[in-house]
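The first chain written gets the first letter, and so on, giving A, B, C, D and E; residue counts start at 1 in each chain.
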Amino acid sequence: MSLAAAPQTRDMRARATALIARKRLIGLALPALILAYCAYVFFAFDILGLAQRARWDNAVTLVSDTYSYKTVVERNNRSGVFEVAVEGERKGTYDETNMPGWVVLAEDSAHITLDNGGSIDINGDLVRFDVPGYGVIEATQSRSAGVTTNLDPEALPDWVSLSKTRLMVSTDAARLTLTKARTEVFVYDFGWELFFFTLESPYYDHSFGEILFGDRIDPARSNLTGAWQDFWNNAIWRHGDTAWALFETVLMAFLGTFGAAIVALPLAFLAARNFAPLKVVRMAARRLFDFLRGVDGLIWTILLSRAFGPGPMTGALAMLFTDTGSFGKLFSEALENVDGKQIEGIASTGAKPLQRYRFGVIPQIVPVLLSQVLYFLESNTRSATIIGAITGGGIGLLLTQAMITQKDWEEVSYYIILVVLLVMAMDSFSGWLRRKLIKGE
Amino acid sequence: MADTTAASLDATRANYVALTRQRRLYGGIMLLVFVLLMASGFGIANDRNAGGFLPGLPQMFDFPAEVIAEAWTKRANLPGHIAKALPALIETLNIAAIATISGALGAILLSMLATQGLAPWPRLIPVFRRIMDLMRAIPEIVIALVLIFVLGGGPVPAAIAIGFHTVGALGKLFSEVNENADLKPLEGLSSVGATWGQRMMLGLVPQVAPNWFSYALLRFEINIRASAILGFVGAGGIGYELKNAISWGQGKFDEAAAVFILLFLTIVVFDQMSSYIRNHLTYGSVKGARK
Amino acid sequence: MLEVKGLTKRFGANIAVDKMSFTVDRPLMIGIIGRSGAGKSTFLRMMNRLTDASEGALNFEGRNVLGLSGKEKRDWQSTCAMIFQQFNLVPRMDVVSNVLHGTLGRRSTLATMFNLYPEEDIHKAIDILDRLGIADHAPKRAEALSGGQQQRVAIARALMQDPKVILADEPIASLDPMNAQTVMEALRRIHDEDGRMVIANLHTLDTARRYCDRIIGMRDGRMVFDGTPAQLTTGVARDIYGAGADFSEAATSTEIRDHEALEQAEMRAAEVVI
Amino acid sequence: EDIKEFNIGILGGENAQDRLNAYQCLGDYTKEALGVEVKMFAPADYNGVMQGLLGGTIDMAWLGASSYAGVYIQDPEAVEPVLIKINLDGSYGYHSIGFARKDSGITSLDDMEGKVFGFGDPNSTSGYLIPSIEIPTYKDGVTMEPGDYFADVKFTGGHEQTIIAVNNGDIDGGVTWADGQGAWEDGYNNGALRKAVDAGLVDMNDLVEIWRSKPIPEGPIVLRKALPDDVKAIMTKLVDELHETDPECAYGVAAGDSLGFDPITHAAYESIVAARLAKAN
Amino acid sequence: MLEVKGLTKRFGANIAVDKMSFTVDRPLMIGIIGRSGAGKSTFLRMMNRLTDASEGALNFEGRNVLGLSGKEKRDWQSTCAMIFQQFNLVPRMDVVSNVLHGTLGRRSTLATMFNLYPEEDIHKAIDILDRLGIADHAPKRAEALSGGQQQRVAIARALMQDPKVILADEPIASLDPMNAQTVMEALRRIHDEDGRMVIANLHTLDTARRYCDRIIGMRDGRMVFDGTPAQLTTGVARDIYGAGADFSEAATSTEIRDHEALEQAEMRAAEVVI
């Protein structure tokens, strides 16, 4: 191996150098390609311009709305009637019996005390806003003259917006708007308002301790049942309906995912190279999967609504259609990776074809199968969000509506938290099931 | 061997038979529970639905038939529609591609940090897992909507929303793949004094790349379709065009068909590409060089 | 009993087995030796009908094995058990279930789909495992066993078929020497005690010599030797392996120690200061 | 022919559960009157309900005007409009409102020449369909072709996004819907502007109205044509008289104060159907 | 040179290695033998710093190996190569790359990630492969090689590290006898020619006797023997393996043939009618 092999070794050296050089090229080309692409997208999407145009104050408005609520004190300037309501909602309207402490209503006047030491007085058409560190803003409106104030229109602070018809003063503690039609004060508070009980409920403003251990609050019901009923039927947060919506979401995901798995498994054999020898069959099966996948669940929902109308079954079927496409692809890939030795071992005992699949193939693909199905179950729980918007059910409907109507971001965050918790629960459940079934306890 | 262990053999038999019985029982119960769940779930869903399953079945192809009929009568328009939809497709592809690439890179990192045996800080595994759960659980539409308020419309909010979600989704799948990776090569690299990065890059990546790749491509497809969902908040692309054309009803079905053809072709291309590259990565460049 | 005539297998232009012919008139333990690629596996696979022959005949007890199909073919497969180099078990299933797979050919598809086997089969399976000394592992998953144990499970599966013939394709090639010995002894014992015919592909001359009654040597698809272990001289082996004069049995022997080496070691030891 | 159940589709917009609850009373009356099970659907995206009407699984629904036209075009025999909500001032409709930022100096469509114009959702009546037909009639030379009269014409995705986009200056002008009642500075009494104001996202002092469409008829309450005549009669009467029999329920069903419902026929929507047909390929 | 003092490793309550102490003052080829679970692998892993020791000291050329961390630890690892029973190569990568991994400890992370190996390293890798007789396989994927070839690649990787010590954990346990011989010979040759210290865990007595200069016997974590191959008598072996009087070397020998069996075979052959 010494002298005679020398030329051969030299040849090997050259080949190895070339090999490494080629790998180096590929190894460098891929990141370079990705970088180049990112650069292209950077300019195509105009990231720089976008960064300048970004409006972070909007984000702050939205985000702060997720953890705070506002109570609206409104005077209808035509009728002179006052209304105090949480988020300005009918269902959150205070009456004389439970008026919050910071607002004092009298005949055609209201006095509002703010947390930061300021105060707002509404006296008929006159409003006085005492802003700590700035002074008192006085404004009045009339049908003929519009809005008039004591402010110098030339030197308005940037948190005041004034026109002939409208005054808006936005401070951290409260926002005041004054127009011909109404005088409104929005007072911000931390938390989710009326989350447990609405104002009508006798349990409103009672602590948990009082409800659990205290005297009977509502003579008609025991504290626990009463509190539960009022919580569950809370007219603003609708915990009961939300729970049902969550269930409907899981139901759609469950039916869709497992239905798809049952349909896709036999079809996947037709698309796997090692089980369907006929190329035509294989191509047909794969194109079928592509087709099913190519149409988003959302569109399947619309298509299927014609036959089945809106409702959770339509949503489940839509998921079944798309997921059959995804599962078909994933399962057939798993089938292409099966180890032929096991099948041969079973075949050599004289097993019938079905038995060969049952014992030679299925045990091998069960882990892939199970983990994919569980993963899709979880991810469909999330997709059911959007499908629910069309089928008219599920947490998705609540979520999309809360977002689209932009009413209350705290509701949006409530639903998101629920979805996140649900997904996490499904995740731990699927982990448990996988350990149980695949790893054999 | 036989008689000395006669007693223990009986015990083995009895144990095994008991085990089998127990397994059959559990298996039977699980099967029964599953079937019951499916059946009753279907029952509930069917009840809550506007139309029933059986009466609806014969009508299932009504809508597709209408679409195809209209598209066929106006087939002359198809090329025009396809050409019109191309820019939307390209934009969607760009959104999906950049989201998938950045999401996959994030997922690779997170998944390595969250896999037992690979993680440099094993104590933090649960933390990274929860981060992935969270990223996965927040629907992309929510993120997109918030971003639209900040950044205005356009492709960027969509790309960020999808990318964020992709990190969580792929992270979970990747970490499952990583769990099945053989740790022996990694140990081999440790023994030569390799750093964590070297071990991951040289020991882990070659093993798991084909599966990562396959999942990433599937996710890419899903991300193309996600544009239909993001249409709800005005960040849609080709998927949104399809949804609009379909929901417009009679009059735009030819456009729907054209957009669908485009979308379908795209997915076919990526499906074929995925299987080609997968084989390439798994079996090496030489065709059929299967061991 | 077994009659092979002009058996040939072509893979395209490549002839894997070339007009193989021999007769066996009573259950023997037969070893087939030969270089890698000589066609040993292909012959066994044709016999078990995992691969179809290109030409020739193979009769077993008057039955034309190569002409069988469908149900008859499966019947034949269940009387002609096969053991593989890589065991070919279902690793995720427990040992007894793997052994019970030996009954698949006899049982209805439906019952087996749900793993429903008659209790007597289960008892028989455990008896067989006991005979092979691995009854203790009955409830474990096959993948949890060592190689030698897995191969014994494979033998148990074969026995469960209650076969007339056991084909073993390099049953010990993946095993360490100790396990190899156990497995070969188990095969020999089954042959001796039950009187089943055993045909084993082996890659080491001395194993073949030690355990087999008759040895067939193959080279490039053709039978080049057929005789008793005693007839298998180094010269014959040289023929079979197509080796030149530098061939030494050591190349295919499982033995490592030789005298020269021992002496070396002792000399070295003497030098060492501990 | 008997019906076995009666399915009602409810126009989305507000919180779905609120709507379902508001309709609960109507469901109860219907059940009483027809003696069959009643199911109600309040999806956020109305496609499912439209398809349900076409496929015969939804029996009654309150549709948007454009949605009705869509259903009508697809199958004129599917549904018939029966009733429409009357606003407090006695009108039947609402408006598509064009608006811009005050500091941009734009006060009418005349100033929009060479500027960027934004529609909302292409499926929306007021956010696209009507303005895309009516704006070109404003004066000669106005078209909706991007780069022609307007420098560009974009779709923002929805009313909310249009408002944000105009307010942020991403586009110069856009259209959204409002009832046109009350004062501009309040964002009118109802509509997308009002919601944005209440949410604190825009300040009406910053915006000006630059265009207003002719009244767009509210969507009709429709019944499936194939329903038995007596069922149709019962349901029409029930809803029509709701304002008298149960004002609280009528408030819920009409999603606010109204003067009740008036009968209506397809004729009222012919212009919308025409507009929609004009938009089809 | 190498000084091990009171080295101990506990896994929970279980003591895997118990106060191991010995000294080596020049590069020897050392074999460690002992039953499965005796602590052989654990010792090697502690020495390579794949596992942290619980107690004790290990000094190599005055360096306190157990106290190293970070960069220094990796430096030590790169001068102390390890060979595993299962080869622990990266199977999807080609042979040269696997060998080049031996240089990882010396090269920067970024450069190695993009395959930026200096040309002289590549040439050196080929030379080493050539020395081990597998240069021809250089461009193939590691997984495409046979076990013996893969183990030689692992040795090549170890040599690429240019180590002072080579640790080999049962390097031939997964190999068939022929490959085992090649691998052991390669290790011995490296020791003889390069003067590197080799410590190999072995599970067969005769291999240890044949190739090693010094043999350490372990039992239940404790060192129970330390001497020359010649001192390793059957009695000592019985001690190490904790066997009773029925212990025969055959249990750990790779040899299968024995005279009795041969005679049997010949007798059988005589009976057979061919």
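Operating definition for what follows: a residue touches a chain if its C-beta (ideal position, glycine included) is under 8 Å from a C-beta of that chain, and two chains touch if they have at least 3 such contacts.
What you see is a predicted model; the values in this text were computed from it and never measured.
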Neighbour overlap between chain A and chain D returns B
Given chain A and chain B, the chains that contact each of them = C, D, E
Among all chains, which one's averaged Cα position is nearest the averaged Cα position of every protein chain shown?
-> B
What chain lies farthest away from chain A once each centre is taken as the mean of the Cα atoms?
-> C
Counting in whole Å, what is the centre-to-centre distance of chain A and chain C, each centre being its mean C-alpha position?
-> 61
What is the distance in Å between the mean C-alpha positions of chain D and chain E?
-> 80
In whole angstrom, what separates the CA-based centres of chain A and chain E?
-> 56
So, what's the distance in Å between the C-alpha centres of chain C and chain B?
-> 44
Shared-contact residues (touching 2 or more other chains) in chain E = 97, 113
Could you list which residues of chain D touch at least two other chains?
-> 7, 39, 41, 45, 47, 50-52, 55, 57-58, 158, 164, 168, 170, 201
Multi-chain contacts in chain B, i.e. residues touching at least two other chains, fall at 48-51, 56, 59, 62-63, 149, 152, 232-233, 246-247
In the complex, chain D touches chain A at residues 7, 9, 12-17, 20, 39, 41-45, 47-52, 54-55, 57-58, 158, 160, 164, 168, 170, 182-186, 195-201, 203-206
Quick one: in the complex, what on chain A touches chain E?
-> 1, 5, 8-9, 12-13, 15-17, 19-20, 23-24, 27-28
Where on chain B does chain A make contact in their complex?
-> 34, 37-38, 41-42, 44-46, 48-53, 56-57, 59-60, 62-64, 94, 97-98, 101, 130, 133-134, 136-139, 141-142, 145-146, 149-152, 154-156, 159, 169, 172-173, 176, 214, 218, 221-222, 225-226, 228-229, 232-233, 239, 242-243, 246-247, 260, 263-264, 266-268, 271, 275, 278
How about chain B: which of its residues touch chain D in the complex?
-> 48-51, 56, 59, 62-63, 66, 74, 77, 81, 148-149, 152-153, 231-236, 244, 246-252, 254-255
Once bound in the complex, which stretches of chain A touch chain D?
-> 53, 55, 58, 61, 65, 88, 161-163, 165-166, 168, 170, 175, 177, 179-182, 186, 238, 241-242, 245, 301-303, 305-311, 314, 388-393, 397-398, 400-402, 404-407, 411
